[in-house]
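One chain, subunit A, appears in both complexes that follow, with subunit B as partner in the first and subunit C in the second.
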Partner chain A sequence: MGDSQDPLNKRWDHLRKILERPGPFCHPEFEPSPEILDFIMTGCKILVIGAGGLGCELLKDLALMGFKQIHVIDMDIIELSNLNRQFLFRHKDIGSSKAEVAAAFINKRIAGCQVTPHFCKIQDYDESFYRQFHIIVCGLDSIVARRWINGMLISLLNYEDGVLDQSSVIPIVDGGTEGFKGNARVILPGLSACIDCTLDLYPPQITYPLCTIANTPRLPEHCIEYVKVIQWPKENPWGIQLDGDDPQHIGWIYEKSMERALQFNITGLTYRLVQGVVKHIIPAVASTNAVIAAVCATEVFKLATSCCIPMNNYMVFNDVDGIYTYTYEAEKKDNCLACSQVPYTIPIKDPAKYKLKDLIELLCESASFQMKNPGLTTVIDGKNKTLYMSTIKSIEEKTKENLSKSLVDLGLRDNSEVMVADLTSPSTMVLKLKYLVSDVEME
Partner chain B sequence: MIKLFSLKQQKKDGEASPRSGNQKKPSAAQLRIAKDINELNLPKTCNTEFPDPDDLLSFKLIICPDEGFYRTGRFVFSFKVGPNYPHEPPKVKCETQVYHPNIDQQGNVCLNILREDWKPVLTINSIVYGLQYLFLEPNAEDPLNKEAADVLTNNRRLFEQNVQKAMRGGFVGGIYFDRCLK
Partner chain C sequence: MSSPVPKSPEQSEKSKKYDRQLRLWGDHGQKLLENAKVCLINVTALGTEILKSLVLPGIGAFTIVDGEKITEQDTGSNFFLDNDSVGLSRAQVATRCLLELNPDVHGDYIDESPEHIMAHTQDFFNNFSVVIATSLPEKILLPLSKQLWEANVPLIVGRSIGFLAYLRLQIREHTVIEVHPDNEIPDLRLENPWPALREHLNNIDILKLDKKDRSHVPALVILYYYLDKFKNVYGGVPVTRSQKDVLRNLIKEGNSFNDEDDENHLEENFQEAIHYVNTCIGQSRIPSQVQALLDDERCTNLTQESSSFWVMCAALRELVQSDGALPVRGSLPDMAADTINYVALQQLYQKQAQFQAEAQLYQKQAQFQAEAVYRRASQIARSLGQSPDTITEHEVKLFCKHASELYVARGSCIAEEYQSTAFDISSYLEDPDSLMLYYAIIRGLERFISEFNTTPGQFDDQVEPDVLKLKGIIGKLLAEWGCGQAIRDERIHEVCRYGGAELHSVSAMLGGCAAHEIIKLITHQYKPLDNTFIYDAITTNSATFVL
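For the complex of A and B:
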């Protein structure tokens, strides 16, 4: 009998009221039951990505809501400047892993909670790691990382004859903050708008024309960009790449941009501004993190329990001047590079004899494709491989020998996917090879 | 409206559900660059070189202008496409030393679509045309090499001589240029 079933334990009574009684806002298929609380506490596995400002809030919120199987992943170490808002960390923790310290803090403070830390990059794990989770919550500050995890969860989707198997969907709850602004969203990969569908929402980094920063700087940012983009690679003071987390590097950039600012009579250059421009830092506000994390944690709870219909699907929050909040449905893009790639199944009778040129011939001649110059790539053992591309001479020469190889000889297996780019379609198309003989028969 | 988990089908937990043929998929950047590369439509003065045909994210572009100040020259650019392509532009450097108002000694190139005016709808092809144009119409108003820009503005004849001298290999204004005639 779990902690949730103990009648003497009143700790979870407030959740019981929600999970053991029906209500007007419940999901239509919600069946009130004591088992739901048990699922949260024993079965449901959540991954929190990022143990920074949002991550600390998320871990605290989820743990106090009853989730016990929580994993947290973060590659960063704790810095002095984190301590004002990343409240799971103390001065003595500076230099230690965020994930490890955060996990240890929660486990000590909240009885029964088991947070497992991962002190590494999200890219260090493969699909077998991500597949174990029911829901993934992100408190990230990078678009690259968001797109990576988005792509990972989309790659876990399973399509049978073009129809999505809903049990392969792992929802993403994504939070983001910038100063007094924030957003929270729910993504059901393959079903609703994904990160790539709404890439326009993330403004590109501010960049200044190279010639302006080189010749006619007017802003302190121009001076910093100049030192970063032109002077650092030229003088390379320590013979290594610029590291925005190294105080010595930032110090050097500060000193050199100061010289430049003086030369052009530009004022307002500070050490903090240098840090901001080099690392693209936007000041973090603790209260915004708290609001956004609370919204995200609530969405995780709704998804895990079905006690309420999840947010549909994008909420913006702004308290720069008063409070403004608004929720709307971000739309799934038909031609999204990440999530609209429903593989097109191609049956192959005899893969040991079927050659790459036969496949290309099929793409060019069959009425349903009618391609012109298809370029074919694939991924074999995690590595990209160009199978054939006729339009680029240097690639054509190096890949033409593949044309007379069979699919099996090229390392393609049953269910392997081949990416096809061609003028005739607006984005790269994915083919899934379906071998009509089993792998065993082929040996 | 789907209901994601029914308590009866508590999937996961260690036993990874055997999804048929789950292979690592290419990133969105990879899918997009494959399309960009497959559909490159190069002007006859340009050529690409892929040292590793499996790596479409890093390659070289060679421009041999057939008119303008830089005809008879051969200029090599390196392209590095990052994981955030096409949200961010590729990193492009000129590997050939060139006496040019918009290219500096470190190979930095001042072309608006490589920085502030980049948009995800642009392609590798747009950059190729942009670079080619820089050789046909060097722009003295947005200089990276200010001396070259001043010469171009004040004395086109001298500018032409300097370009020739640099391309043949030699000193221009105290800077040595390697020979880069085709």
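For the complex of A and C:
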């Protein structure tokens, strides 16, 4: 404490020049003073989500940008294949918690820095945990987790008479990488485009048509998918679920896929490809993670100190051919399911024929929803009614017959509201059904 | 089917550790990386961040040159100088902290200033795959640049100050076999098929097939068939848009031939054939940039020192001269997914088998041609007096597969750039948003450092006077370049207020970029930066300039 004030401590001179001198390009509200460095060192609490490729870099970058009150949350343990980029981990750390090892390393290397690890899922904490932070930085590889934390911070917003209380806004700085491409963005929940506003930027995973993998495989990937999706469940060699981390399992898949590839004259099947397809591996290098995390950390610094205007609001990066960046303003969606404050309207053409399972399929397949296992409830004549829920076995049993019932048969009417709970958000989303034929006509 | 299925291979520790990057640059790229050694001049935060992203993926070795002792300020921006190391050698501590990252990497250091080394062991820097220089003063940068230019050793120069970052790549000549384009144009060769392909394609008469059989003819067979018809009528292949429209119509009509179904329904293979018309027909047989390489003096005048790239180019040139085309890539794009599930299983199998038959035809031809190029390249290498193992079959295969993407980068020498007055900066500065103004500022900053031996704004009470001094220097530079415009005072003030501060996150961003450029140079994959990159962290914008 008081580290920044000590005139003999020259360690943070670099930051002090930026924070204690006026400049022509500073944020209009910026007033240079030693108190700013004091704030980021003692008052400002940052949460880093993910202690992987981006997370390790973020922790280093934030610690050297003066932040000391840092929390990091990650449920994963360290694996050998992390070591080519997750530079806070060593061979001896394999099997330990990423969050714990990363925090200990930073605290040792940067004296005075207090990184607190949380070896758990983000879903294990509720709003009282997330509310304590000034800024949240995400270095995640999962869209579901991103959407969940996005939804959490939106649920913390206070609206008074429809006007957003700015003090309830916790900014999110989010980074993502794939190979030599990446993106960094700043989200002010309720004010600027959120993760769900730009869901179409995250393309759904490639899936091969079952017909192709079963009958007309042409690519080695088709052979691997066949063995994974059809042959494994049928033959079930060890009587357990397929585990992508078990070399014995991957070996089995490799041999069976190879057999199939030979049968169909398909070349190019390798062990590496088998692993990649089975585990959905995304290629990753140290350099791209370094770039994206650094851009994110710079934005955290701007947000926390007001020394410059933060990025507005989305940057893409690609260094396959030269070095390319492009920064633009992603737009907030008026009817965003997560942040718009208005129930999302779903037009229904023929509610007497439209079945509940059609609605669920729409929620899972459509680019603007991309839900995982939505649970649906509604209120009919003042009574709560569960339409379908797959996550709890007993309720699933009771409600599965609803799937093939039409919306009309289920008692849903024009303008009825359906409450949807899904993995992708901590809060319930409201859908409004808009029948394109009137109720009268149907009766 | 009687051949035994290979057993699952044992994965080495290394291939597990580097798995995520091997999927990008392959085992052959990794091998080059593991044989490379780089030199870092000056342990700035930028410098160690660059090395970090090279040590992690497993570069062979690094050497650090720095004669300074660690200051408290250094430990506030550099992650690879620990807390209690103030007063120790920067080179030594950074080497130790970086080596902790990866036991596969070798590292050493020289606790001497770069000036000292330049003065005493001049050739020292010529022994590296790449030399990295950060915050190097002009008076050493210029002779070093000249020397490495002569030696054809790539030099990468970086500077990070406040919210501003600058990267300059000096490469005399750099060859790339795999550029990894985002979109690859299929290589079908329907305009000039080799004999086996021609025979295969001529054997299929689409008009004689019944509807069922026609629906599983691969798209390229359809395209070939109608291209042939087009040639018969018009005497050549379609090149212009309207000519291609004619071909597309021929295919469309062909689909409804003898068919009572509605005309709008196009079968998938016909749709695909129409889709290929645009990209796969009427392109020049040899891309102009590849032809330029085959005609390059380096290809036509080989010496004993010629690299394998140019020897392979010479062998390729001979193949092109006799065949009139580049070697076949050997892989076909996957055909459209089957969405029609009412087609009988038997037919699906037939369709698959036919696709596979063609795929193998292309594969075989590619292999045949690569073997020819390999034999010829080995002969050439031998005749040049090169050792027999300079060219490997694997390398030639890659070379032939990517023959249409071959790329040679030729850059410019930093020393010449600094001494030239023929630089037209005015045209850039007319755009008030052009980041070129930062180039002028960085050049001014470097001159300031040379003249006054300190960074502008180093001391709180010197910011204002230094603005004037720096403004004078930049004014002189602009005048030397014959530029009438001025740089706005506030821009100069901003840089002076930084007082030489190095912000870790700005250095880390540039460090990541620089490291990947070095990996590109070492692996000979991907196109490198040409040649100057400027990053403005205030606005999160960047720009690339060719200087």
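Criterion: the second predicted complex is superposed on the first by the 333 of 443 C-alpha atoms of A that agree within 3 Å, B and C clash if a C-alpha of one lies under 4 Å from a C-alpha of the other, contacts with A are read in each partner's own complex, and residues count from 1 in each chain.
In this text, a residue touches a chain if its C-beta (ideal position, glycine included) is under 8 Å from a C-beta of that chain, and two chains touch if they have at least 3 such contacts.
Predicted model only: the values in this text are computed from it and were never measured.
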First (subunit B), second (subunit C), both or neither touched by A:D319: second
Partner chain(s) touched by A:K432 [first = subunit B, second = subunit C, both, neither]: first
First, second, both or neither for A:C56, with subunit B first and subunit C second: neither
Which superposed partner A:S416 touches (first subunit B, second subunit C, both, neither): first
Contacts of A:M41 with subunit B and subunit C, given as first, second, both or neither: neither
Which of subunit B and subunit C A:L80 touches, first, second, both or neither: second
Which of subunit B and subunit C A:N215 touches, first, second, both or neither: both
Shared subunit A contacts, counted only where both subunit B and subunit C touch the same residue: 208-209, 211-212, 215
Complex interface listing, subunit A residues touching subunit B: 27-30, 33, 35-36, 39, 43, 45, 126-128, 131-134, 143-144, 147-148, 151, 154-156, 158, 166-169, 171, 188, 191, 196, 199, 202, 204-205, 207-212, 214-215, 229-230, 233-234, 303-304, 306, 309, 337-338, 341, 373-375, 377, 379-380, 382-386, 389, 391-395, 398-399, 413-417, 419, 421-423, 427-428, 432
Subunit A-facing residues of subunit B, complex: 1-5, 7, 9-14, 16-17, 19-28, 30-32, 34-35, 37-40, 47-50, 53-56, 83-84, 87-88, 102, 104, 106, 108-110, 112, 114-116, 118, 120, 142-144, 146
In the complex with subunit C, residue positions of subunit A that touch it: 9-15, 17-18, 21-25, 57, 60-61, 64-65, 80-81, 83-85, 87, 90-91, 109-111, 179-180, 184, 208-209, 211-212, 215-219, 247, 250-252, 254-255, 258-259, 262-267, 271-272, 275-276, 281-291, 293-295, 297-299, 301, 308, 311, 315, 319-325, 327
Subunit C to subunit A touching residues, read off their complex: 1, 3, 5-9, 11, 13, 15-24, 45, 49, 52-53, 56-58, 71-73, 75-79, 82-83, 100-103, 162-163, 167, 179-180, 182, 334-335, 337-339, 341, 345, 348-349, 351-353, 355-356, 359-360, 363, 457, 460, 463, 490-491, 493-494, 497-499, 501-509, 511-513, 515-517, 519, 526-530, 533, 535, 537-542, 544
